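In what follows, subunit A forms one complex with subunit B and a second complex with subunit C.
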Partner chain A sequence: MDFGFMWDTFLQLLSGIPLTLNLSFTSVAFGAVLAMVLALMRMSGIRALDGFARAYVFVFRGTPLLVQIFLIYYGLGQFRPTLQEWGLWVFFREPYWCAILALTLNTGAYASEIIRGGLQSVPHQQVEAAKACGMSGFLLFRRIVFPIAVRQALPAYGSEIILMVKATSLASIITMMEVTGLAAKIISQTFRAVEVFIVAGLIYLILNFAITRIIMAFEWWLSPHLRRPSTVEPRLEAAHV
Partner chain B sequence: MQQLSYFELIGFGPKGWGLALLTATGMTLAVALCGFLAGSVVGTFVAWAKLSRNLAARTLGDGYTTVLRGIPDLLVIYLFYFGGSAALGAIGSLFGADGFIGVPAFVTGALAIGIVSGAYQAEVFRGAYQILNRGELEAARSVGMHRWLIFRRIIAPQVLRYAIPGLGNTWQLVLKESALISVTGLVELLRQSHIAAGSTRRPFDFYITAAVLYLVITWFSTYLFQRAETHSMRGIRRAS
Partner chain C sequence: MNFIKTVSLALLGSTLAIGGAAAQGKTVKIATEGAYAPWNFTGAGGKLEGFEIDLANDLCGRMKVTCEVVAQDWDGIIPALNAKKYDAIMAGMSITDDRKKVIDFAGPYANSPNGFLVAKNSPLAKMPGTGEAYNLGTQKAAAEKAIEASKALLKGKTVGVQGSTIHSNFADKYLKGTAEVREYKSTEAHDLDLAAGRIDAVLADATAIIGTLEKPEFKDYALVGPSITGGMLGSGVGVGVRKGDQELKKSFDEAIQAAIKDGTVKKLSLKWFKIDTTPST
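Up next is the complex of A and B:
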């Protein structure tokens, strides 16, 4: 084990972290909006919308992400003249945007099921109570349904974010030089797979650990009712005076 | 040159890629299945370690599942692809062979899938084991069954029964992960589509076909796992 080499590798791989995080957070952010829309479609009770959302989730969860990436990055090249005509080619010729699009569409499908689970777990009594107070429509959603649903869905959403961080590694196959891409490059130059693997794996573990911690902190912040009240020792002597 | 229609392109005619795509689908299934079975073996041992009373074994097992579920599968595949040949080369040079010895891509792929899915299956098995009724284990011991016999007669059948839904999910993961094996050059479904797309300049047609074939496989496996679940639960009363 050559620690000098591993340190050099570590320094080189560090420069890939911004892109890894950029891909993860951009696609998680867009994906969350998409997932919300899909979840509302599923719950809308309108058959066409419900059917569309079901089909969407089935297709995107049932096919490998790499196929989706290839379909967008290479596949759409088949329609290049049309896309150029529509002015969309500037977008689809960039591997970055293709990766973002594929990751967004993919996480949207997985996350919509998580959000739907969260929305459905909101107790009916809460909604009824809110209605009794005169809330309805968006106010009811914003004040009651959404906060409770987010709280319920957060742990599962946390694992989805971790999965996305791991999934960004596939962007390296379409030339994005994020952590895995750099690692693959170093391995193919030096043939020291084990050392590079350890360093790159460590970077992912640290990233994921940090993200887990942040989500846990967020969860703690969102659920004050579950925290143990800060125990203030009652001053008995004062009470009895 | 006249443009072939989509169905001529993926059909079984003289210029069609149908047979190649079907063979590649078979390869996808084969590598996924081998990887999944390897993962079951790994998963059983890791679950055993995680449930063990020995602190060292438990720490190792927990470490294994944490690490393997926290790093991208692609990295593991690279490790086996490049590292495997390096290791084989080193062993080979001990015996006087020199130069590069490549590990067959199929073996690399199946091993990488097995190592990763082993971590997921370990969690599934551990969860299923914890549903087991302790009383049954004690009863088995009290009638004098040995550890192996208890495993075979009491633990394995019940753990497998409770693990079916979780195993179904892991199988879907494995199937999708098998697409990553294409980076090692194994001609499975995605790789074959890539080759066909390159030589015909019709990438969309081939990737969409690959997507449909993957969908058919996942859909059919969901169906099979559901059948298996109902079958295995036929003797069990469930609270409804």
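Up next is the complex of A and C:
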């Protein structure tokens, strides 16, 4: 193991991190909006909307992301005249936007199920209580349902964000030079696959470690009721004895 | 005493016999990419076909070994050779100094220049130097002058190359800052993007471009620009073997020499490339 070489590789791979994070966060942001819409469609009780959302989730969760990227990039590339007519070619011409689209559609499907689970886990009593206080419609959703649902969904959503960071590595097949793309290039110049991939893996670990910490902090902030009041408790226990 | 001598001689004799048989009936596993027509590609029936598949079969016949040709992604083709996943590489791989640091080569068995693939109606179709041949090793100044001349047209254009190839190294050295260079996993992928109009030109081996031009979808495309060989583009295409596998390298070298001498290489080259890529010896 040549640590000097690994350090050089690490420094070179750092330049791929902005694109990796850009792809992850842009697609997670768009995907969250899409997921919210899909989750509400599923819970709307309107047959057509519910059916559409179910079909969407089935297709995008049931096919590999790699295949989706290929279809969007190379597949739609064959329909250039039609896309040009519709004015969409400016968008599909760029590998960046094709990658964002594929990642967004994919995470939208997974996240909509996570959000639906969160929304459905909101205890009925709390909704009833809110209604009794005179809240309804959007106010009820904003004040009661949504905050509780987010708290419930957060751990699963955190995993989804981490999965997305790793999924961006597939963008290298459509010429995006993110961390994995750069790693492949360095391997092609040095033929030292083991060292380069170890360093690339390490970079993903560091990124995801930071992300898990941020999500944990967010979770802690959202759940004050679960925090143990540290100074009060021992005294209470003593009082019981 | 006499008895022991007889037995040991007999034993020695049989080991020699087995050793000889092993060298003759050995199986050599050869890796190819399977996505680099017409050198090597996966045919309609899912079978590997192409110049190198035919040549491998011929060489193995000469070497009196059984050959098994397997497909391996270009990206990892050298590391996997050194990890002993197979014994040799025949995948249109040019013999370059960088690669010689990690593996050995037998051959070359082919030598072909690079070139640009562009649409006939694109301004790039008028690229200067088309039809002129330069050797980057022996006529560096003239070759670089020809490259400079073609760069004027490429300014601000997008050029596709296959990653981890002499062409991507060439693009890094000569086109960076002039054109946007995009790296693809295979030549098939950059051809698709050229047809889709995402890139303006493809930089690749002339033989691969000629193979692409055979397809009906590419009837409105042309091979342009100076034909450049040598220097950083390597000294021809050879069989990659592990360093230290001298025996295999030697038998490949002999087989290649014999195949060049009796015209087999030329015959196969004309069959697959329509041009003669036999290296000059």
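The definition used in the following text is that the second predicted complex is superposed on the first by the 230 of 241 C-alpha atoms of A that agree within 3 Å, B and C clash if a C-alpha of one lies under 4 Å from a C-alpha of the other, contacts with A are read in each partner's own complex, and residues count from 1 in each chain.
In this text, a residue touches a chain if its C-beta (ideal position, glycine included) is under 8 Å from a C-beta of that chain, and two chains touch if they have at least 3 such contacts.
As the structure is a computational prediction, the values presented were derived from the model and not from experiment.
Overlap between subunit B and subunit C is detected when the two structures are superposed via subunit A. Of the two partner chains placed by superposition, only subunit C is touched by A:Pro95; subunit B is not.
Using the contact criterion defined above for the overlaid structures, shared-chain residue A:Asn208 touches subunit B, although it does not reach subunit C.
Shared-chain residue A:Tyr74: touches subunit B and subunit C both. When both complexes are overlaid on chain A, the residue A:Ile173 reaches subunit B and subunit C alike.
In the superposed pair of complexes, A:Ala200 makes contact with subunit B only, with no contact to subunit C. Applying the stated contact rule after C-alpha superposition, one finds that A:Phe191 touches each of subunit B and subunit C. When both structures are laid over each other on chain A, subunit C collides with subunit B only at 78-86; the other stretches in 78-86, 114-122, 168-176 or 222-230 stay clear. Residue overlap on subunit A between its contacts with subunit B in one complex and with subunit C in the other: 74, 77-78, 173, 184, 187-188, 191-194.
By the touch criterion stated above, subunit A contacts subunit C in their complex at residues 74, 77-78, 80, 93, 95, 173, 175, 177, 181, 184-185, 187-189, 191-194. For subunit C in complex with subunit A, the touching residues are 75-76, 78-79, 82, 98-99, 101-102, 160, 163-164, 168-169, 182-185, 189, 192-193, 195-198. Per the touch definition, subunit B reaches subunit A in the complex via residues 66-67, 70-76, 78-79, 81-83, 86, 172, 175-180, 182-183, 190, 193-194, 197, 201-205, 207-208, 210-211, 214-215, 218-219.
Listing the residues of subunit A that touch subunit B in their complex gives 58-59, 62-68, 70-71, 74-79, 162, 166-170, 172-173, 180, 183-184, 187-188, 191-194, 197, 200-201, 204-205, 208-209.
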